[in-house]
Structures are given as structure tokens and as C-alpha cells.
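By letter and in written order, the chains are A, B, C and D; residue numbering begins at 1 in each of them.
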């Protein structure tokens, strides 16, 4: 067991991948000399040199596209976009190139690029720096989208992503970087295909991912004191979604609350609700409920931001209401 | 080096710069005390640019700035109280507490932010100038950004558009040599920024950004030319930020010695030295101005602290300007008719 | 009554708005000399001159941003992005500026810009030119998103959009431009808030919009021959969604099929299904079903493209299955 | 004007150009007959560029082209049969019928499309070159685009990146004076394109794109320099498209006279005239080459028409390269290991 932060776990994952495979390199704004805007890559420049820890200009479209091109050219690039907010400038490359090339070329070209970015709100960074758009990306065929919430996944998903011949987007919730935890001895690559039950419970399925996972687990603890047993599902992979794990849980609990930091309309939570409608309608004892961010540009002021984003007490309140609702 | 014009004017410039410096020093205090949160980017070291440029603008010109905009906002004449209130997330803040340090907005002085996406303000400035040109209003839109923005595609698209359509934009590049931790040599194949603008066929100059007499003079010349209908102009001000990029930056990427060297050329220091050399003033003037500024800043802090928090049930007001629930908020979309 | 095409209707709407309001102008790639890539603006350059029918360089981000800026500056710009596929290059401006400025400035600045673009597949233009991303845009608070399907709406939605103080995105399905129809004498602005029932029916609510509307109406006709009465709802406005009209229909028919040309996962259809789950769960006789595009980059070959996009016969088959499914 | 080198080489160049012209003339026929659908952009008039540039490349160099890429694909040596099959949406097409005219791909000749987003190919080319440089392979990536792409931010970002990192990219701008209906004077404030590249500190030339001897010579010089490790190079070829932008274009934006003038300088015409002037050949050579090409084209059409349609149940194969269902398709991701 090693105690480390989520940030350290990502760094160790990068380091390990770079040590094992000379085709792997890290590229992005301030990943080198600055040490990464979240200090994820601190120390890696010294270890691997500036060819492989590659600072880029502020040119999101070009360096993301260059990552795609380098993948076409046989490398295994890890492209860091500082935050999801700036990824909008690179969206054309991601959606029109990375996601299409394999299919459009009749299977001739694969694009094994990994694109990491920080996501989420909660740090009082206001409207342009607080997006949660991972669910949006999960709309696009040709992409894989994952959101490691735990230290083990922060460490284990990257190597698996690098093994994939397809573009993988990794969303790291910015509030998780400081989280401390244990990494079991011999921890290694984790899969990118399955959701996991992080806590079992019979009364309600609480489906979430990323930054909201720990709020959900906290809520579950609170509810447990009142005898409400909540099953907490960490989606882990947002595209493809693991329907099997979701539906199995629904079959057990018959009630579902989805917690998603994205704006409600058109969020990933909508897709999950629609799938439960399609696959488990007759198992439900109550309509699936969603708790998402308010549909506003995220404001700076602490109390407003807090109100805009799902919090533990909101989860508790929603869950309680859902469980006590009649059949 | 241009001569000092008059003691009065020189002291005005000094005061304008010192107000910014002292304001930001106070911000650091409040940040440490967790009264200010989020990202905060200090302007200290670059004050001569905001002061010189804002002095060249008329009240009905427009300003589009970045997240490092305290200096521009103050020099533009926006009250320190409402700015500080914004940083404290108060309703009395310039943006009602919704924007914070990176998003100062003020319709009255046509201050269009406070934009936190690098390069994102340039197209807005082009559009504001287009509106003026199409409406046959002789106004200038001043667009401020760092040298880091030069690598963004939007920089080029915007310069081309402004030059192609001969729009009244003053592009102001604050070249402080670093974009976060990235030195300009690591981000531009050709580091002479002002030449890039010249490549679009607009007037372009590189100016010492540490000497407020120079910054003001260059801005005035550029604005005059733009008002004359010559299309856009570009000024690259060579400057340096004395503080970290933001409050989270460990400054691993630059030498302390380099910072110290630049501090020797600090804009306040430079102007005081010039005042003294010209026999027009002394260090005592500075001391007096600082004291004055501190009084103003204390009042601003008091104003901000006394401010209120926006009720949470107003959270979704102004997501849409035509939302009926907006009506009960005092701040009303003032700019709807373009005046 | 005038007989005209959808294309003509959009053109007449632009012309009328420009005649009435000197602040209105049209800006985009090839809107002037070329006459618009879909010939929408043909003839307008001659009528209004190059200041107000403004050809732009291939700079989607800058000219969309300039439209936002011009709106801030008191104009009422109509920005044409040739197709939604290229709008990805302007996404930062739309999401980070147009959608945020009013809220983020505490209500000081409004952004009355109208952004029109063609959308949809069906013309064998392959993966990079066949996106249906209007549902994606509908995720973003601060934007209004509409999809006129009829000639009346093509004519009537634009003037209403120009009256709005907020950014309005108008999605015109490229296959509709050649559609001929009648414009009633005295047709004028139509609202941007309400869905409408295009055909009434008791057995099934068929919810759709844009290019799929006419496929849905055709399907309804086919089904009517078998005694299956389908109610066809044209959403018209994708953000905000008109829950009232949707739920009223669900209450009548108790069965729902949503047809959406977007990729299924994370499509607008998911949001509608989730809302029905939340607001009308107990009224349903069967789970809400969705018929969307296959989750693939749209291929060139005619038979593959046809298979990828919902067609009339698919709608018929799905509807039939849904209606005959047991309670 | 460079002298003709040899009859053999000149005839090779002629043949290469004529194959493109005749192929595309056949495409027009098939388009009218609705055998080809979607967007189709003809290269006729610009053949000298594809031929000159592809002649300068080695088999293991890479090519990134646009939607107007029939000429590049043919000159690169991709079989006309598979190209035509692609346009007919057949499984035997270069992209299995999924790409069509705008998306020709061929792993064997490292032909990376056929990219239909203007400017979108440039970052890919930068990345391919980066992979080569990091892997210490002495290969060149040739990136072709129209002058319309110069207004896109991605153009600038990519040129800067390539120059900054000294990557082995040959940027080829086909300046045919129009982007759809937009003349270059209406899209660029400074219309001298090759100067824009020079502003990034890379070698840059403007070359007559109608004379294949010149186009080839310039490309060879540039490729040699790139292979020598000098970083990227840029060539602006001045050319003209003789046909409409696509099959939907009414050509309202340009004079018939202008088109006719340029046709006088057509690349085939120009080369034949030079052959004749040098006494190295005659119009009969052209006639013979055309006849030969027509035979090849008929065979290609026959191949394409005999092609099969991909079964609909394979629609979702290759959305992901690691999808198990891909296995039953003959075309296998050939490029996974970067060779």
C-alpha cells in the first residue's frame, strides 16, 4: 500500500507508461517547465526530457490535432488539455478527425491517442472555467470517454487507454487532484468498460461518476443512519455505458437517482434515464430521478456556485424523497 | 525617450499606476485571508500599459480585456469599491458577484470583460468595432491580450478580419515574455510579435511597456490614427509581470534574478526617477500618492465587505436577458439598444 | 397564398428583417457573391450591398465571435455558418461567450445574435459533413435553439429570433431547402417557445423535429391505413423544450416514440425520454422508445447512409411494434 | 523557366497529368448519370501541382490532402480502379465506399485523406511529422490545402508549431484565387500567401502552378531541404481551377473571360507547347497518352461497377478499431503499429 494523491496517481501512471513504451509522450500547455497547471507532470521533464514532455504554445486545435497525427504516425501520445473549458477550441479535431478516421477510411487507420483534461466546477472559477462537458463528448461515436474517480482508476485507466487503438478521453475532476488515498501493492491497469458498485444497498441505486462519486458516498453514509441503504454506482466509463451493471442494480433496488455535475438538459443523466426506461421500465417502482447542475453559467460567488452544483445534502434530500415516494 | 510634459500630468500618471499597485497588494492580503477566491491574476509590473492606454481612450470607446484586468478596469475609471465587491462575490460588485476577478464588466464605461479564454476576446472586439463602423460612429475598440494569445488561431483570424474590413480596433499586446510558465521562445517560432501584426497590413509598433510616458504616447498616436479612419493598429508593449501567474504558481520556470532585474525597471520606479531627474518631483510625491490611494482602497474594502450576497433564488436570473424573473433585480440589461 | 421553397422562405425572412431594421445584417462564408452555399441569400447582395450582406473569410471562430461582438455593439447580426459541421470551429465563441455574457456580467450585457446553420445528413456527404448536433447545442444554458421544419416556421422563426435579446441558433435541415409549400397570406413571426401537434392521433405520440418531421408524417399516414392513429409532435424549439405540449400528448396517447436524427446516446431524444419519465411516468402504458441515427460516423455509400439515418419505414416498424406491445 | 530535361521525363509528367484530367472528365459523366453522388470537387487545371509534388516524394513519405484530392491520389500512385470504386460507394473502394470523393485514404501509400474540413488536415500533418522526428525517421509529410485555408486559425497554429519544432512538413498551398465564391482579395488583408509562411521563419516560395517543370523542381528542392533537417518548407503554387467549385456551383462570382484566359495557360497545354518548342515531342504524343489513359479509365470504371456493396450489418464495424466484429472484414487496420 502506498498513500498518495490522485494527482500523484496520474503522474505515476504517466511515468510508468513512458518508461515502458518509447512511443508514449506527454504534450500540452505548461506540462513541462511549469510542471502542469495542476502539478500532475511535476518532475517528469527532468526525468524524460523536453522531447517527451513537450510544452506547447496556446494552440489547442493544432496540438490536439498533432496528437491525432502523431498517433496516426505510430506514436502513443498523451495530450493534456489544461481543462475541458479550452477543449472547445480543439473540438473540430476531436469530433471531425479523431472520431471519424478509422471508420471513414474503411478501417485502414486507427487513432490511438489519449486526451486528458481536467473538468468540473467547485473552485469559484466562474462561467468560462467550470464546465462539465464529459457527457457531451460521450455523444460522439468513435470516442471512448472515461472519468476515473478513485486513485486506483486514476492510476489504472491511463495505461489501459494507451493500449486502446482508439481515441480515449480521460476526464479528471479538478477537485479530486488533492484527494489522498491508498494504492494497493501491485495495482495495475484497470478496465475501461465496466461500471462498478462502490457501495451495495437495497433501497436505491445512486448512479454517478467522477467528482460527484464522493458526495454520493457521503450521502449514502448519511442515509444509512436512517436505515436507507443506497447502492452507489460509479460509472467510470461514460462511453460506452455499462448497461449491464446499471440494469442489474435497478433490478435490485427498483429506484434510481442519477447525480451528474453537467447541466441537466441533455446531460449524460438523461441518457441513463432513457436507457433505464427502455431496458428496465417494468422493474421500476418510481420514476428515475436526476440531480444535476442548475442550468446556469456557473457563477463565481461561493454561495451561488454551491447552489448551482449538486452537493451532498441535495443528494440526501433527493434520495430520501425518492425512497419514501409511493409505488 | 520622450520628455516629461508637465508635473501635473506626470503626477496623474503616477497616481493612476499607484492606485493599481496598491489595490492589488490589498487583493493579495484578502486572498490570503480567503476573502477572495478562485483565480486571481495580478497586474503588478505592467501598470504603465493600462494607464497609458486608458488615457488615450474616450469615454465612449470600448475595452475588451483578459482575466488579468484589474489594472485596466481601475484605469478605465471603474470604482474600486464595486471592483473589490466583485472579488468578494458581492451583489454590489461590478458583475453582481457572478464574475469574480476574471470577469469584471461595466456597461457604463463600455468595459466588456474580463475574458478568461485566451484569445477569446479578440473576435468580440472585432465585432464591436464592426458595429461602430456600420453605424458610422467614430469610436475605437481597444482589445488587450497577452503574448500567449498570439499562438491561438483566433488571434490571426481576428487580425485578418480587422485589417481586411479596416475596423477601428486598437490591438494591445502585453508581452510579458511568459504565458503561465511558457517563455515566448518556446511558443513562437518568430518571437517579434509586432511583426506578426504588420504581416496583416496594419500599423504596428513595439514599445517599452515600463515607461508610462512612452506607453501613453504610443497609444495616443495609434488611437488618433484609428479615429482618422486608417483601420486597426497594433501595439506590442514589452513588459514583465512581477508576481506569479496566478495565486497557484510556484514560478519554477523563471529565475529570481530575471525578476529582480525587471523590477529595477518597474513603471512606478521609472516614472519617479524621471520626475526626479527632470526636477519636477520627488519621492515624497510618491509617498503622498500612496497614502491617498490607501485611503481609497480601505474605503473600497469596507464597501465590499458591507456588500450583500445575491439571494440564491436569483441564481437563474439573466441566463436569458428576456427572462421575466429578471425584472426584480436592480441591475437591468443596460446595453440592449447598443448605446 | 404563395408557393415557394423552404429556401425562399428563409430568404424572404432575411429580406424582410433587413428592410425593417437597419441594425440587421447577414454575415458568413459565401453569403454574398456566391449567393449562399444553399442559395439562401441569392440576390440579397444586389439588394442590400456588401456592407450588409457580408462575405467572410474562412474564419468561423472570428466571424461568429464578431457577430457576438456586433450584437454587444447594438447590431442585430444574422451569422450564417455554412453547416453545423464547421460550427465546431466556433464553439468556444458560442459556448464561452454568447451563452455566458449576460449572466456573467450580472445582466449588464445582452447578446442578441442569430446564428443560422444547415444541419443533418442524407446527401451522401460522409462523416465530416453530415452531423446533426442541434441536440448538443440544446444542452447549453444561455442559448435558444430552434429547428424550423415547415415553410411557415422557416419564414416566421427568424424575425422572432431577431427580437430576442439572447443568442438564438437556428438549425435548417439541408434536405428541406428544396421543399415546396404554401405560405399563407399575411404569414408573420412565429413563436420560439412552443411545440405543435402537426397531426392528432390517439394511439401513439411521435415526437420529432426538423428534417425528420416529414418522415414522421409520412409514417403516420402509412400507419393510419392500419388503423393506428399517430399524433405527430413537431418540437420546433429544442431549447427550451415545451414540456407542456409533450406531456399533454403523452397523457392522451400513453405511448411515445421519439425520432431524432442525432446519434442515440446523449441525443435530444434522451432528454425528452428522461423528462417523460419524470413528469408522466404513471401515464405510460409502455416505455418510451427512441429511433435515432446509428452510432457511426455517417458513411458515403447510399445504402449505408440510408441505413444509418432513421427513415420512414423504420418509423413505421418501430411505431407498430410499440403500439402492439402489451401493457 | 527551367529547360525541359528529357523527352522521357517530360512524357512521364504529361502522362501523369493527363491521367488526372481524363479521370475527372469521366467522373463528371458518372456524376451526371448519378453513379457518383455527394460532393465532388474537380482538380482540372491544377494537375501540374499534384504531379510535380508527388514526384518529389518517396514512397514512405506521407500525404495529407483535402476534399479536392483525386489528382493527388492518382499522382501518388493509388489505383484508379479503387479510387473510382470509392466514388461509386463500393466496398472495393480505397475507403471501402465509406468516404466517397472527399475521403480517399490509402494506408499503403501513406495517403491520409481526403479531409473535408478546411484547414483540418494541417494539424494532422504536423503530428505525422512529429512522429517521424521523434522516431528519428527521415520522412517528409506533405500537406496540401487551398488558399482559403489560410484564413483559418488552424493554419497559423500549425505553421507555428511546425516551424517552432522544426518538423519535416512540406506545406503546399494551392492558390487558385477562390475559396468557393470568395476571391482572395475578399478574404485576406494581405494576399501574398507565401509571405505569411515566411513570417513563421520557414523557407517559402511562390511558384507558377501551371508549369509542371516548375512545380516539380520547386517541390524537389523543398523536399531535399526538409530531408536535410532544415525544418518545414512552404510552397505557394499559383493556379486556377477550370471547373466549378463543386457540382452545385453556378459560378456567379467569376468572369467567363477570366476562366478562358487561365485555360490558355492550362498545364497540359503548357507542357505540350514546351515539348514542341524544344523539339522533344508533338501533339501526337498527347493523343497517344490520352488514348492510353482512356483505356485505363475504362478498366477502372468497369472495376468500380463490378464492385460490391458493403453489407449493412457491417455498418458499425471500425467505429472502433478494436471492435470484435471488425475481424470478419477483409480490410484490417494496417497502420496500428506506425509502420
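In this text, contacts are C-beta pairs under 8 Å (C-beta built on N, C-alpha and C of every residue); 3 or more make two chains touch, one makes a residue touch a chain.
Source: prediction; values computed, not measured.
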| item | value |
| --- | --- |
| Pair with more cross-chain C-beta pairs in contact, given A-B and A-D | A-D |
| Longest centre-to-centre distance from subunit C, chain (CA-based) | B |
| Geometric centre distance via CA averages, subunit B-subunit A, whole Å | 36 |
| Between subunit D and subunit B, distance of the C-alpha-averaged centres to the nearest whole Å | 46 |
| Centroid distance [mean C-alpha coordinates] between subunit D and subunit A, Å | 40 |
| For subunit A paired with subunit C, centre-to-centre distance based on mean C-alpha positions, whole Å | 30 |
| Subunit B: positions in contact with at least two other chains | 95, 97-99, 103, 115, 117, 120, 151-154, 157, 160, 164, 186-188, 319 |
| Where subunit C touches two or more other chains, by residue | 56-57, 59, 61-62, 85-86, 89, 92, 96, 103-104, 126-128, 141-142, 295-297, 299 |
| Parts of subunit C lying in touch with subunit D, wherever the complex brings them together | 29-30, 32-35, 37, 55-62, 85-86, 89, 123-129, 294-297, 299-304, 307-308 |
| Subunit C residues touching subunit B - in the complex, by the definition given at the top | 23, 25, 51-52, 56-57, 59, 61-75, 77, 92-93, 96-97, 101-112, 141-142, 144, 164-166 |
| Interface residues, subunit B side, partner subunit D - complex | 151-157, 159-160, 163-164, 186-190, 195-196, 199-202 |
| Contact set on subunit A toward subunit C in their complex | 61, 85-86, 88-89, 91-92, 95-96, 99-100, 103-104, 126-128, 131, 135-136, 138-142, 239, 241, 262-263, 265-271, 273-274, 276-278, 281-282, 284, 286-290, 295-297, 299 |
| Complex interface listing, subunit D residues touching subunit A | 62, 64, 93-99, 103, 105-107, 112-113, 115, 117, 120, 122-132, 134-135, 153-154, 157-158, 160-161, 164, 317-322, 326, 329, 331-339 |
